[in-house]
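Both of the next two complexes hold subunit A, though its partner changes from subunit B to subunit C.
Presenting the complex of A and B:
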């Protein structure tokens, strides 16, 4: 419950504060958002599995974001930034879908 | 769940763990408890929501600002190349337009020149009416002494004096435009001359366009046409006019045998 409230508060703050994204962060922010989304879905799934652990959630959240940003940074240095970003988004999307499928099975048994 | 039901439950219900355990856990999690896990999850979810909202807003603000350097360079290259291509195309089209305009002007000038030539040649060939200053020259021949040779002499004298258009006629009779091919033939019995197969009876009337004073003087020289007419008991009368109109025409006929010869003189002229 508190997590959902935190999500809503964060969205509202982002919409109303209208901060400008720093130049160095611009390539990484979208990938980081997708990676964090993956971590959140993974946490929700583990919660439904009954194996949710706050420490694991924090570590996976931060690690996901960092690894995604690192991959994008590496791709930029190698000159394949856009392609690698696409790859990361595809992989994270697949993970989000599989997590969402597990959550759906838990909630609706289907 | 009905735990007291004696009837055997379907196999897929027993195969899993507790059937609605997930929902129970979710319901439990939704219950607001200020545990450490809940707070951390709330903070992280807030960060996610914040970042997502910021990113969406930044993405809406501008198309180019969110792109990385390599993409921007590629887009710039594309745009530059496209602009170069369009400029080349514009140059080609402008050149084509200039060419077409030049062609049009050139053909218009050529057409104008050709028309002017047609007018000039038409006057010489007698195919168009002519007007201008000149003289009216009337030969009265009451005794029928004037013959074709005298008229031809008069004609040659007029041509020598610069006559540009000549018409021979008789009052209330046929009118003949005199051109290069005009021929004069005596008629038996005198008193008339056949000009281009048309019988012209005396008095013979010449309408001549040219320098009026020069033409009159040419006819009046000692031993000239007027002198000869007087010797033959005929008389000539010259009247200078500021405007004479010759309206009789000769049919334009294409030559049957003569053809334009190849212009060999061009190289000689050009080479000096």
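Presenting the complex of A and C:
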């Protein structure tokens, strides 16, 4: 319950405050979103598995976003930014898919 | 490689999917292992006292913020290009409308000037002669509107040429196959003049001796005014003679070649067509000898 409220509050705050993203941060926003989605799906799955832990969830979310951004930043500095972005998106995408599949098996038993 | 060869003696049989171990690892360990560890800690009783929900709430607020910000970013950024394009299109349309209005004003003013001049010249017999000469000159040079029997050459792009203009990405240049080009119009206009036309207009743009037919990008410009297909080339003159001369001469074979590229054409005669005067006849450097230099 508190989780849903938190999410809604966050979305509403984002929509109404319209925080301006600094120019240097903008390339990392999509990667951060994918990392956040990975954390969210991981959390949902663990919730259904019955092993959800809020600390692990929050820490994994923050760490995911930071590490993904760091990898892309490093890639940008080395001149392979787009390739590393692709790599991050592929890895996180596979995780999101398999977590979504696990959630689906939990919910629909299929 | 080293890891695999080192592990080989320990494993009884090599896994069949050993070459995909990276992928399988990613698929098998899709869930953060922290959850399993935390669950194990709780099971053994080492779990810390349960925290209030604010940690979770704070995390989700952050996620919500991130998602909303990203969504706003995407929404703000994507239409920027479209907005710029729309603004440019609107400006082009507005300027073209202004130019059309100015041209209409110009025609009106020209008509009143001509009427006033004819009135003034009509007072004397020499004046009347001059007025007649002037009218003839205006018709020939394109400065005045003309009317008469005409030949109409209608040119249409091939159906598969596309309205937006195809671009052959591999060749890195736009493909003009199946499209009427400025060169085609130039050739046909020249042939029509040669066939005996006295006044020619393309899509309502009267051609003068100073007119240029050229292309800019995908568009064909006549006197810097863009034309859009289909193209109607109207030539006032002896329509029957012009038709036979055009079809029998080089123009006819050129049109036939165009047809091979899928460009459809028709050549018709009309009893009476009115062609407008040319928009401008700027003479910047040439002056009439014996008279003081008049600019434009």
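Operating definition for what follows: the second predicted complex is superposed on the first by the 110 of 110 C-alpha atoms of A that agree within 3 Å, B and C clash if a C-alpha of one lies under 4 Å from a C-alpha of the other, contacts with A are read in each partner's own complex, and residues count from 1 in each chain.
Operating definition for what follows: contacts are C-beta pairs under 8 Å (C-beta built on N, C-alpha and C of every residue); 3 or more make two chains touch, one makes a residue touch a chain.
This one's a predicted model, so the numbers in the text were calculated from it and none came from an experiment.
Engineer: Using the superposition on subunit A, decide if subunit B and subunit C clash or fit.
Structural biologist: clash
Engineer: Using the superposition on chain A described above, determine whether A:18 touches subunit B (first), subunit C (second), both, or neither.
Structural biologist: both
Engineer: For A:46, decide between first (touching subunit B), second (touching subunit C), both and neither.
Structural biologist: A:46 sits against subunit C, while subunit B stays out of touch.
Engineer: For A:81, using the defined touch cut-off, is the partner it touches subunit B, subunit C, both, or neither? Pick first, second, both or neither.
Structural biologist: The answer is first: A:81 touches subunit B but not subunit C.
Engineer: Have a look at where A:57 lands relative to subunit B and subunit C in the superposition and call it first, second, both or neither.
Structural biologist: The answer is both, since A:57 touches subunit B and subunit C.
Engineer: Based on the superposed arrangement, let me know which partner A:109 touches: subunit B (first), subunit C (second), both, or neither?
Structural biologist: Touch partner of A:109: subunit B, not subunit C.
Engineer: Who does A:2 touch here: subunit B (first), subunit C (second), both, or neither?
Structural biologist: A:2 contacts both subunit B and subunit C.
Engineer: Touching A:91 in the superposition: subunit B (first), subunit C (second), both, neither?
Structural biologist: It touches subunit C, and subunit B stays clear.
Engineer: Would you indicate which of the stretches 6-14, 24-32, 42-50 or 186-194 belonging to subunit B has clashing C-alpha atoms with subunit C?
Structural biologist: Given the superposition on chain A, subunit B and subunit C clash at 42-50.
Engineer: Touching subunit B and also subunit C: which subunit A residues?
Structural biologist: 2-15, 18-19, 21, 26, 29-30, 32-33, 36, 39-40, 49-50, 52-54, 57-58, 61
Engineer: Name, in rising order, each residue of subunit A that touches subunit B in their complex.
Structural biologist: 1-15, 18-21, 26-27, 29-30, 32-33, 36-37, 39-40, 43, 47-50, 52-54, 57-58, 61, 76, 79, 81-82, 103, 106-107, 109
Engineer: Give every residue of subunit C touching subunit A within the complex, in rising order.
Structural biologist: Those in contact with subunit A are residues 23, 26-27, 30-32, 34-39, 42, 51, 53-73.
Engineer: Can you tell me which positions in subunit B touch subunit A when the two form their complex?
Structural biologist: For this pair, the touching residues of subunit B are 16, 19-23, 25-26, 29-55, 57-59, 65-66, 68, 70-71.
Engineer: In their shared complex, at which residues does subunit A touch subunit C?
Structural biologist: Spelled out, the residues of subunit A in touch with subunit C are 2-15, 18-19, 21, 26, 29-30, 32-33, 36, 39-40, 42, 45-46, 49-62, 65, 91, 94-95, 98-99, 102.
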